[in-house]
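Both of the next two complexes hold chain A, though its partner changes from chain B to chain C.
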Partner chain A sequence: MAPPITPVAPDARTRAARQGLHRGETRSALLYLVPAGVVLVGLLAYPLYQLVVISLYDYGQPQAAGAAPLVFLGFENYVSLLGDPRFWDVLAATVLFAAVCVGGSLLVGTALAVLATRASPWARKLLFLAALGAWATPAMAGSYVWLFLFDQDFGLVNEVLSTLGLAVDGHSWTFGRFSAFGLVAGEIIWCSFPFVMVTMYAGISAIPREVVEAAALDGASATRTATSVLLPILRPLIAIATVQSTIWDFKVFTQIYVMTNGGGVAGQNLVLNVFAYQEAFAGQRYGLGAAIGVVMTVLLMLITVVYLRIRR
Partner chain B sequence: MRFRHACATVLVVTVVAACAPPQADNTGDQGGGETTGELTVWLFQEASNGPKEAVVDRAVAEFEQAHEGVTVNVEYLPVDGRAPRFNGAFNDPASAPDVAEFGNTDLAGYAASNGFADLTADLDAWDEGADLVPDVLDTATIDDKVYGVPWFTGTRALYYRTDVFTELGLEPPATLAELTETARAIRAAKPDLYGIAVGGKYLFALLPYVWAHGGDIAERDGDAWSATIDSPAARAGFARYAELITPDICPPAQCAQLTGSQSVAAFAGGKAAMTIGGDFNRAAVDEGAVKGKYGVVPLPGTTDGQIAPAFAGGNLLGVLRSSDRRQLGWEFVRLLGGKDYQRAMYDAMGTMPTFTDVQDGIAGDDEFLVPFIETVQAGTRFVPATPAWTQIDAQAVLPTALQQVATGELDVNTATSAAAAEMDAAFAG
Partner chain C sequence: MRRRAANAACVLIAAAVAFPLYWMVLAALKPPGEIQSADPRPWTLAPSLDSFRRVLDVQNFGLYFVNSLVVALLVVALSLVAAFLAAVALTRFRFRGRTVLLVMLLVAQMVPVEALTIPLFFLMRSFGEVVPAVGLNQLGSLVLVHLAFSLPFAIWMLRGFVAAVPVELEEAAALDGASRFRFTWRVLFPLVAPGLVAASVLSFIHAWNDFLFARTFLISGTDNRTLPLGLLVFFKPEEQDWGAIMAGATLMTVPVLVFFVVVQRHLVSGLGGALKG
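Entry: the complex of A and B
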């Protein structure tokens, strides 16, 4: 087979023209980006740089106060972190916990979004009001409200369950590892499903009615329409909601810290963010804490890369 | 592209190697000598702060009267949020106070940060200084340097419900083994009550158990510390305490997470027949359902007639090293921490003074304090006076071990061995 002939000249010309146009645009684009760039460098790049620097030193409270000399450790903080079985246990717990929270919020959010498209206007308004209420509740307040609901002595949940004849008198929901994680996951799903619901509702509403009608005319069943027509259209939205929820739930701090009293019985409910806090600020080992921060940043950046790929 | 990557890498490596994390300068002279201006004082916010404020306001008025051109600005800090505030003050001397109240368990860490001024010479020259209880003054001392005046001390003893004990025909326990039996018998007779309210996060109840059995959590050898929580004696005490957090005394589901104040709150609320509480918990207990229905005895030791060594808690008043008004600050510490105002603090807050003669003066009038003063006089102990303790405490090494035993996850030997390894890692730095 002969190689395809490439029309060199016109292509080169257009490319040159495009580049000329491009260069001018690039300059003004850069100019427009300067203010944002300055803010980003000051508020993001510099702290991130300091984080990396601190993670390479033996940097505790005496060092910060200038009472002890700085010792450059290189990657020793990372070595001891990655060699600590507790870190891997916490990392695994964080990943699983985030996965459950993401899955839960997606399921609940999507189901309610579908419900909202079919409900009557007033029911839809009520649903949105309730969802936005949960969304607007500060994490701290939400965590305490859930704790009160599930309090072992005075909680509404135990009271209702015991009137139903279940032997839950004085049952502690935060004692067992899975029970405590489950309770916190419930709270997180409760306060993060509204984002998924609003996103999915917007997506479903934007699907042209003609498409669904066409599918119906072709004799597709409701299930078939959902899986072969609606789902593919919604896929980018689902992907974005998944990645955003993943980033949020991976970084969860408040709910775990408040609801399990700083990490649960014998540290069984620690997640990476709370673990970093305990090591860095409570234990005053800023160097090791910074190393955990860097590891978390890298993991989240990987997720962000996936997010950007999907958006493209 | 490859070249640019290489450049970036080289740049990053150079920048990282050239720069170091920021450090404050706390190595200069100890404070300046300004004698006028504003003296900033940090004190802790108590649960009911009114009476404390009244005493402090009186001292401030007296001080301002005596020092012309001086104003004293008192700020009350929540105890829970103290670490970031103090660390911030050490890292940025411009935002530091001149005088501060602080817990004696925090001292080793603060001293390692060069946070507080050495007051040894000032204390020697102070006529009242000689009457401070030696054990308590030890809690203000690191490497023979005194960093604060003990403002008040706190020890713990055994609170018990007199009505329950009378009804069941029980006597306050005379040994720690008997305490377990008594607690078990009470819960068996009254399943609504915890035999004793103690918790997995109640370190200062665990420590007397370890000490009473002849053990300790760590041992000092020169400048080095090593964990001894895995020694046979310490393990015996640890096990004796851990056996209280069992379903037939204080069920793990409820008690594994309890802290000291939560344990006392359970007792005050009428949910427990005994607890280990401090003299400073009196107000909290009297506000609860058990007012007038409880007594206090020293926590017993392993044999009849013995008192378990108590932890010598308490707060100190010190002058910050970065202060521009060191002398003025010391004079204020001497006034507020002196005998007159310690007595006033006892009258207002019920806190136990740190001067022998002031203690003796109130023991005659106040029967409640007798078991606590007996406990103090029997000898008190302290946590390892090293900055590593801050880390061990923050990582909840001992509470974690207790909770692991209480939940049945690990046995005493495994849990204490793991705790000892973690403590040794912290001591090694």
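Entry: the complex of A and C
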């Protein structure tokens, strides 16, 4: 604010000016907010509301085509979903699968971050460059590369295994439920451990050298230093990496859809997100699909709330 | 001694992590006969661009590449303008309800957009009846949804950059007779360029990598396919042309790799958290 130049009733002047400014500000602020506001309300808030609405209706192909009237079901979609053993199976598979992916990424990422702190700068740069490459690879491209590596007939893995005399020719990695899930988990860990590694490396490098030296002077062993000194310092970072990875891995779609060809043999590799998609767009049960979407949103929101609690 | 062991481990692990990418590019460059051979070799003596030619010419991947690029660049351009304006309003203007808006912006970042495919599908269908360019099977529908998905984080990030520009600068500009609008575009906009670059890279990668919404919205017609969808349709369960699929995957990966190298410096400083989605 420029200082008032005229000595005449400065108080009244500035107040009036401020009020005028304020009114003008609200108007221009609204103007500046319009483009983003329209898009966010129309394409984020409204669809979120619609998701809940659709989940309360019997919404099938006739309704989608406008050939039959909508029938309000209330919570019937949810009742039939919760009564469906398939849903519980998919939910359990999703939780277990996400847990394996998160655990794997954390373990690999943290171990490599520790390794990076012990290596020379050139070796560390090399490791980070490779990790950056895996991180940057689009899920779609990564899925196909891993499928190719593990291909039944022309894959490198089968080739190497059969040269070693370990596997029969033409073993299919995507046929069995656990082996297919394992293959997808491998791809996901491959492209998501770099995030953990970079985060943990930043955390470890930020720990002052004196802390470790003080522990050593006090006679603490390396293990004891790691568990009683370093781990507590890094705990918030570990929590952030865990929750962030959980959010990503819980709603995975591309890798499962591509690598198991839409959810595996007889839907054995379905996870929630793919299940919702298949129910809605393949089975044309949009109401039921929306109910799965609501369940997924609520679960993810809960995880996010935990996340924000930790971050604060 | 221990350092040497750590270095050796680093090199070995780096090689293992990079190996799938190497294998992808290698398979894309191998002549067709070598891929189908019974013992794959980790090198090729006769690199050829046959596979690239096959996907680009015969399979129309050139068009899909351009489609993906158009969607991603439109999302970047539109989201930058909208996010910048919103960020300016939220940092530089005082008005009632600002705090409420900021909280809503935080909540918006939590919404798992993947769950919104069903309502968005019907919304795009209705849009198409009014404005065909943003309806189903059109690239416009993808631009719209990715614009919405990238805005909350872009606004949030730009807010910090706008706030870092001192208010005195604005007062000086006002004294020099510059209008607020002029100041915003001529002074503020160039000053927050680093933030704009970071935000645009994120928007670009999200739009470029998207498979779910392309799969949902582009149901018929082949001219508007994006790269991920083109790859999916091209992949046949039994008789795969792995060379061509790897060529397509390479085409998809290279632009993102380039972008990642551009922002790698920011990756550690918290920005990385939002990258993979």
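Convention: the second predicted complex is superposed on the first by the 268 of 312 C-alpha atoms of A that agree within 3 Å, B and C clash if a C-alpha of one lies under 4 Å from a C-alpha of the other, contacts with A are read in each partner's own complex, and residues count from 1 in each chain.
Here, a contact is a pair of C-beta atoms (placed from the backbone, for glycine too) under 8 Å apart; a residue touches a chain by one contact, two chains touch by 3 or more.
Remember, it's a predicted structure, so these values are computed and weren't measured experimentally.
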| item | value |
| --- | --- |
| First, second, both or neither for A:66, with chain B first and chain C second | first |
| Touching partner for A:179 - first (chain B), second (chain C), both, neither | neither |
| Partner chain in contact with A:129 - chain B first, chain C second, else both or neither | second |
| Contacts of A:170 with chain B and chain C, given as first, second, both or neither | first |
| First, second, both or neither for A:50, with chain B first and chain C second | both |
| Chain B versus chain C as contact partner of A:257, first or second or both or neither | second |
| Which of chain B and chain C A:225 touches, first, second, both or neither | neither |
| Residues of chain A touched, compared between chain B and chain C (which is higher) | C |
| On chain A, positions contacted by chain B and by chain C | 50, 54, 64, 261, 281, 286 |
| Touch list for chain A against partner chain C, complex | 1-2, 22, 25-26, 28-30, 32-33, 35-37, 39-40, 42-48, 50-51, 54, 64, 112, 115-116, 118-120, 122-124, 126-127, 129-142, 144-146, 148-149, 151, 154, 156, 159, 163, 190-192, 195, 198-199, 201-202, 240, 244, 247-248, 251, 253-254, 257-258, 261, 273, 276-277, 280-281, 286, 289-290, 293-294, 296-297, 300-301, 304 |
| Residues on chain B engaged by chain A in the complex (per definition of touch) | 15-16, 19-27, 83-84, 87, 90-91, 109, 112-115, 200, 252-254, 256-257, 387, 390-391, 394-396, 399-400, 403-404, 407, 409, 429 |
| Complex contact set, residues of chain C against chain A | 2-3, 6-7, 9-11, 13-15, 17-18, 20-21, 23-24, 27, 35-36, 38-40, 81-83, 85-86, 88-90, 93-96, 98, 101, 108, 110-123, 144-145, 147-149, 151-152, 155, 171, 175, 180, 208-209, 211-212, 215-216, 227-228, 231-232, 235, 237, 240, 242, 245-246, 248-250, 252-253, 256-257, 259-261, 264, 267-268, 272-273, 275-277 |
| Complex contact set, residues of chain A against chain B | 49-50, 52-54, 56-68, 70, 72, 152, 170-172, 174-175, 261, 265-267, 278-279, 281-286 |
